[in-house]
Amino acid sequence: MSALGWLAVAAGGWGLAVLAALAGGGRAGAIRLCCALSGLGGAAAMAGGVSALLWGNGPVVTVGPAEVAGSLQLQATSLAGVFAALLGLVAVAIAAYIPRYHEPGPGTALYLAVYNLALVASVAVLAAGGVVTFLVAWESMALLCYLLILRHPSRDAVAGGAFWFLALSETGFVLIIAAFVILATKTHSMELSVIAARAHLVSPAWRDTAFLLALAGFGFKAGLVPLHVWLPEAHPVAPADGSAFLSGLIVKLGAYGIALFAFRLLPAQPAWTGLVTMAAGALTAAIGILYAMNERDLKRFLAYSTIENIGIIVTAFGAAMIFGAYQQRALAAFLLLAGLYHVANHGTYKTLLFLETGVIEHAAGTRDMDRLGGLIHRLPRTAVISLAGTLGIAALPPLNGFVSEWLIFQGLFQGFRTGSHLLGILIVTAAATLGLTGGLAIYAFVRGYGIPFLGMPRTRPAAAATERGQPVTGPALLAVACVALAVGAPVVLLVLSRAMRTVTGVGLRPVLLPGNLTVLPAHTDFSAFSPTWLAVFLVAVTAVPLLIYLAGRPRADSVTVPVWDGGMVAFKPRMQYSAMTFSAPTRVTFDALYRPSVSVRRASDDPAGRSGPVHYESAVAPLFLRYLYRPVIRAVEWLADVVRPLQSGDVSLYLFYVFLMILLAYLVGAL
Amino acid sequence: MPLWFARGLRRGIVTTRYPARPDRSAAGLPTPPAFRAGVIDRRLADRLVAVCPSRALHRDGGVLVFDVGRCTACGRCQEAAPWAVTPSGEFELAGTSPAQFVKQIGLVQEVGQ
Amino acid sequence: MTALQPVPAGTLASLLTAIGSASVRDGGGAVTVPVPAARLETAVHHLAGAGARLADLFATDGDQVTLRLVWGLDTERQYLITETAIDDLEYPPLSDIAPAAFAEECEIYEQFGVRPAGGKPLNRVALPPHAGPDFPRLGHQPAQPPAEVHAPHTVGGQAFEFPFGPVRQVGVESLYYGLVTSGEEIVDLYLFTWHKHRGLEWRLRGRRPAEALFLAERAEGLSATAVAWSVAAAVESALGAEPPPAALLTRGIALELERLYNHAAAMAALCQSTGLSVGQAAAEIALERLLRVNAAVFGHRYLFGVVEAGGVRRGPDLAALQVGLPGGYGELRRAADALLATNSFMDRLEATGIVTTEQARRLGLVGPVARASGVAVDSRVDQPAAPYFGHPPAIAVRGTGDVLARFQVMLDEAAESVRLIGDLAAAGPGTGAAPLPGGGGAGLGWAESPRGEALAWVSLDADGRITRARLRPASVRNWRGFDDAARSQNVFTDIPIIEASFWLTVAGTAR
Amino acid sequence: MSGGSRARAVAASPAARAPEGDVLAARLRQRVASQFGRSLHIRTLDTGSCAVCEQEIRLLAAPHYDLHRLGFFFTPAPRHADLLLVTGPMIRAFDVAARKTYEAMPGPKLVVATGACALGGVYPADAFVYGAVGEILPVDVWIPGCPPSPLALLQGLLVAVDRLAEKVSGLTFTAGGDAEPPAREAER
């Protein structure tokens, strides 16, 4: 069956899931059936994605009269293959997760219907072969996600978070429409493949305009700084699987949009647009991780880390564009491949982490790191699975995050191959920024894992947490996927390099995979490593000493003594590093960015009478909200007041408006 | 640092050779008393017990019991009866059982003072 | 050496009229006036306003609890003791007027069950957590169990508590630090010392002065002479005994020798805390030589058993002094010069652990700590007694209040001590003790220990047994300046340096 | 040699000391070297001393005495300590900390009670103090003196090493690796 066929099957499965959810009316059985169908759809989507990667772009299938612009045009492309496969994986994991996470009920049924519709919309975005199809699918995907976030509209901050999502998403949508309209009008086609074929006819000015519009428009969805503010607002208020879906997939669709314009519709962009893209990506990565560092809410923390990872991906894309402009087509393909690899990896472990956050929230009743602690004893399964995801996202070998980030770095380090000193320096600067980001990411995730899971419970609920009846299969599946994506890197690269031949026309494989599980970054004379052997080695260096110890340890039975605590102190939870104290050094180092505010309150300020509680707070200022969005919001409100007179309520006046618009449209068309 | 290096060379070695050789500085140290046998009667013994601030002395019938471990070498008993109590000059006192520290001094019948 | 003199207290007469007390008992440099409970608050206002220094605050327990405030009228060259009988269980919150009184308020509550009005939270000072109502206390009626006494130190928000101790580094006393930190800066710092409380004041009751001195020396062994001297002087002024002048000269020599070796030890500790091993070795050579001088001159490395009620038990071996002292001090001086020339060392000291003049005065700090902060208090000069009448020391004062200032003050004092020892030795010190006359009484005694003014107040009954003894070594005072000094820094590693420069003992404050 | 010290405690014979000192030092070095690789690690514990014993202990490491030359070292971590040098009359409020410190040490371990307070001299047992270290910890070596001078401390450490040699030979390698469990542990 063709890739498009598989995707159709997936959409069908999800359609059935919608029906099952609505018909079942929230009964447990119906929900389980719905999830089973959803999972099957996911499997089909994975099959479709992989086959699209392997067998290249399929034909454009038009449903309905071809000459009607509004007809449904579908095409399975290699570029979308990675995203489709990821969509499938996420769908399967979430399907396995939902039955134990959501309690049965009509609300859940409705939620599931919306969720599966969102899956359909997403796959439609990926399979869209025409402009109109793409835009319709995109907009419906956005609206359905808005509904997803509104799962519990009565809770506070939910409406606000959802509105941030919708507002920014619609703003971006306008820019996307503009970009597509430019291309469609300049190439006289609404079909993406035709647009791609005729792109060289468009004048450079229009092409760059269209690209920048698309970059900004999709940047809103992908969360490029400073367009990122919706992520930390929307993720915490959505249900865990909703957040996972948002971070695991929807955000990636933004990246897909950027890739679609950069590598399919408008190949051979000038270097400076690539530079803009790369700069935006690097900035996003650094800012994202820096803000993640000072979040106490696990979901906000993960949301900011998503921003960071999107930054890494977009950096890779931008660099690929630069290399493309400088005829380094092998490196360009290599960096695009690395970026897509990172898309798959991040989708995997970020989904995992959000799902496990849901488990923690159900088990301990909070997402505030400073109210958790010691969970590794209470939630061992969760701890192990989360550790896999954490190692992955911290880009530590032998997990998958390390592989893709290593590839990206190897690509960036070859900036000198552009032949331009300036560009070489700029690309390596981006690499350095990513290096800082990577270091901070390890710091951030030592904190993000250590504070909740290690040490002592900081609150009674955390001490009483239990994972009985909590979902496990979904996250476990993703953990396995994380390991597979690392150990099986050569296979993944094999598949991706085939896709690159379709997308960029460059056959990477001979250089990239010289055999014996080694990977070379696009050029034989630069560097090489083998994720598989590295994993084997790391397992060995930990296992061998352990075995030696177990074999040779003295037979006399040892005694266990309590931790040395300096004598008299009975350790109290308040005597361990908290999330905010752990990240205090960053607040000092980057205070220019954070503008931290400090307040100390004592029971008595009398130096001799000092006693009683000491209360210390250090808050980080939300710069972008304060200095970027507040003014915009005020301006919009002012504008709304200004144009209110147009709203007279007189029908004839409205008809007049319509007439004017049509006239305007004709004039524009005539020009 | 070279300054300190030079100082060290100029200063030379001050480290004691103890235990290989005896250390002269030990001479100046206060040491527990040694009780001359045959001159202490019960009355004197009771006076010594009374002046001892650290309960190192007590009389057990006809015997004056001296616990070296409790002695702080304050010298009050020597002041009280210099003819009967003299410094032992002994500072290597560490032992591995409390019993080692308990010394019995036999008392004589009334001695005229 | 510019001395920032405290605000001149009004003349004693004007003060007494101000606090409205007629009957005055004068005893050896200390004036005792009764103040009715009703007028206590105004009296404290007057005295504190006039710049008098609240040196101590303690209670005695007859048929009713009596509060005694010891004021240092440093420009009047004497002490003023106000006696106030507390008839109910509360008295005006004195620490609101004179913050220096806070720790004593807590102590008095623990021991006697009377507390300052207004119900401000009180800290645990001496009573261990396991102490029940039957735990021995100085007061007749047992205070409430100390559960309510100790204001809990809790940490809220984004700071956490860094526990340290009580078992700390090697060769130091047990002390518990509660270090409240945000991860970077030190938000708060508090100390627990009750695990070294040996109930000395409780033990001294019913003892004869001789036995009392034996224990008093061991209250703070590193200032044995000073504490013993203060207790002996208290007994003497209580019973009206006149120690022979030669004995007083001997006491003076012992006290200055004590100051010398303590400052050498402080220098060694400073080097250790700054990680300067060579400097530590040099300072320890000086310290060891000075200790051997002590042993040669007085027969004990730490000068135990020199002071006796009414005089001294041992006279100095002046020959040994002439032989030993120059060499020992020469070592100290050379080590100090080398240290002052070592920038890596000096940089750690400068602007570290600052105690401002205002803090020092507010908290009633004494000794080198206060003098390094520009408060020129020194009981050898402010409340001079024999042998210092004829041999006044020059007070070393610095203004900056940092570790460096304390270090320099110690060096200057060491030099001054050597000069004083020369004078006193020339003045013909000797041994001997005046017999203690019978009949009871109460009196105040003081001596300037290496850490600052050590106070003692003793009352004896008719047959010469102690009914109440108050020991106030300098450590009791200066520890309360320590957390301010520590919080003026943001760096953990400075805290050992600050502790070394304060050179206090836990034994002294917990007694 | 402990027997020797018992004999000499009453009637001193300084003349007889030097040769025996040589023998003693030789045996000590050989023991410490063979059993503890010239590194017997000492942790100090203050259970209410007057701060003078601490000063003398600090001076052990000073140039005049330099206990490192004999293979002794101070360590702040009881986990690494072979010998616990205890001062003070063992204040009741402190016994938990004392026991914790002792239990934190790996066996075979020694407890050396240092100074008259620790040996029950200065403070009688009462509500404040136990009066002697032996009440709480299983003391192996007692060092009298108020304070014991650094030389006396050195000699005490030599005695302790002999004691440790006995302990090592007496090891049973049962749980805990320490032949004698701390006193009073059973009751509490």
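The first chain written gets the first letter, and so on, giving A, B, C and D; residue counts start at 1 in each chain.
Basically, a residue touches a chain if its C-beta (ideal position, glycine included) is under 8 Å from a C-beta of that chain, and two chains touch if they have at least 3 such contacts.
All figures in this text were calculated on a predicted structure; none of them were measured in a lab.
Counting steps between touching chains, the shortest path from subunit B to subunit C takes 1. Ranking all chains by how far their C-alpha centres lie from the centre of subunit A, first place goes to B.
If you average the Cα atoms of subunit B and of subunit D, the two centres end up 20 Å apart.
Our note on geometry: subunit C versus subunit D, Cα centroid distance of 32 Å, whole angstroms. Chain centres here are Cα averages; for subunit A and subunit B they lie 81 Å apart. For the pair subunit A and subunit C, the distance between mean C-alpha positions equals 65 Å. The multi-chain contact residues of subunit C, meaning those touching 2 or more other chains, are 166-168, 174, 195, 281, 285, 288, 301, 304. Among all residues of subunit A, those that touch two or more other chains are 565, 567-568.
Multi-chain contact residues of subunit D (touching two or more other chains): 63-64, 78, 94, 97, 100-101, 122, 146, 149. Inter-chain contacts, as defined above, occur between A-C, A-D, B-C, B-D, C-D. Considering their complex, residues 556-559, 561-562, 564-565, 567-568 of subunit A touch subunit D. Residues 128-130, 135-136, 166-174, 194-199, 202-203, 215, 217-222, 224, 265, 268, 281, 284-285, 287-288, 291, 301-302, 304, 505-508 of subunit C are the ones touching subunit D in the complex. Across the complex, subunit C is touched by residues 42-59, 61-64, 74-76, 78, 89, 91-94, 97, 100-101, 117, 122-123, 126-129, 146-147, 149 of subunit D. Of all residues in subunit A, those touching subunit C in their complex are 370, 565-569, 571-572, 574-578, 580-585, 587-588, 598, 600, 602-604, 606-618. Contacts from subunit B toward subunit D in the complex involve residues 14-16, 18-23, 25-26, 29, 32, 34, 54-56, 67-74, 88-98, 100-101, 103.
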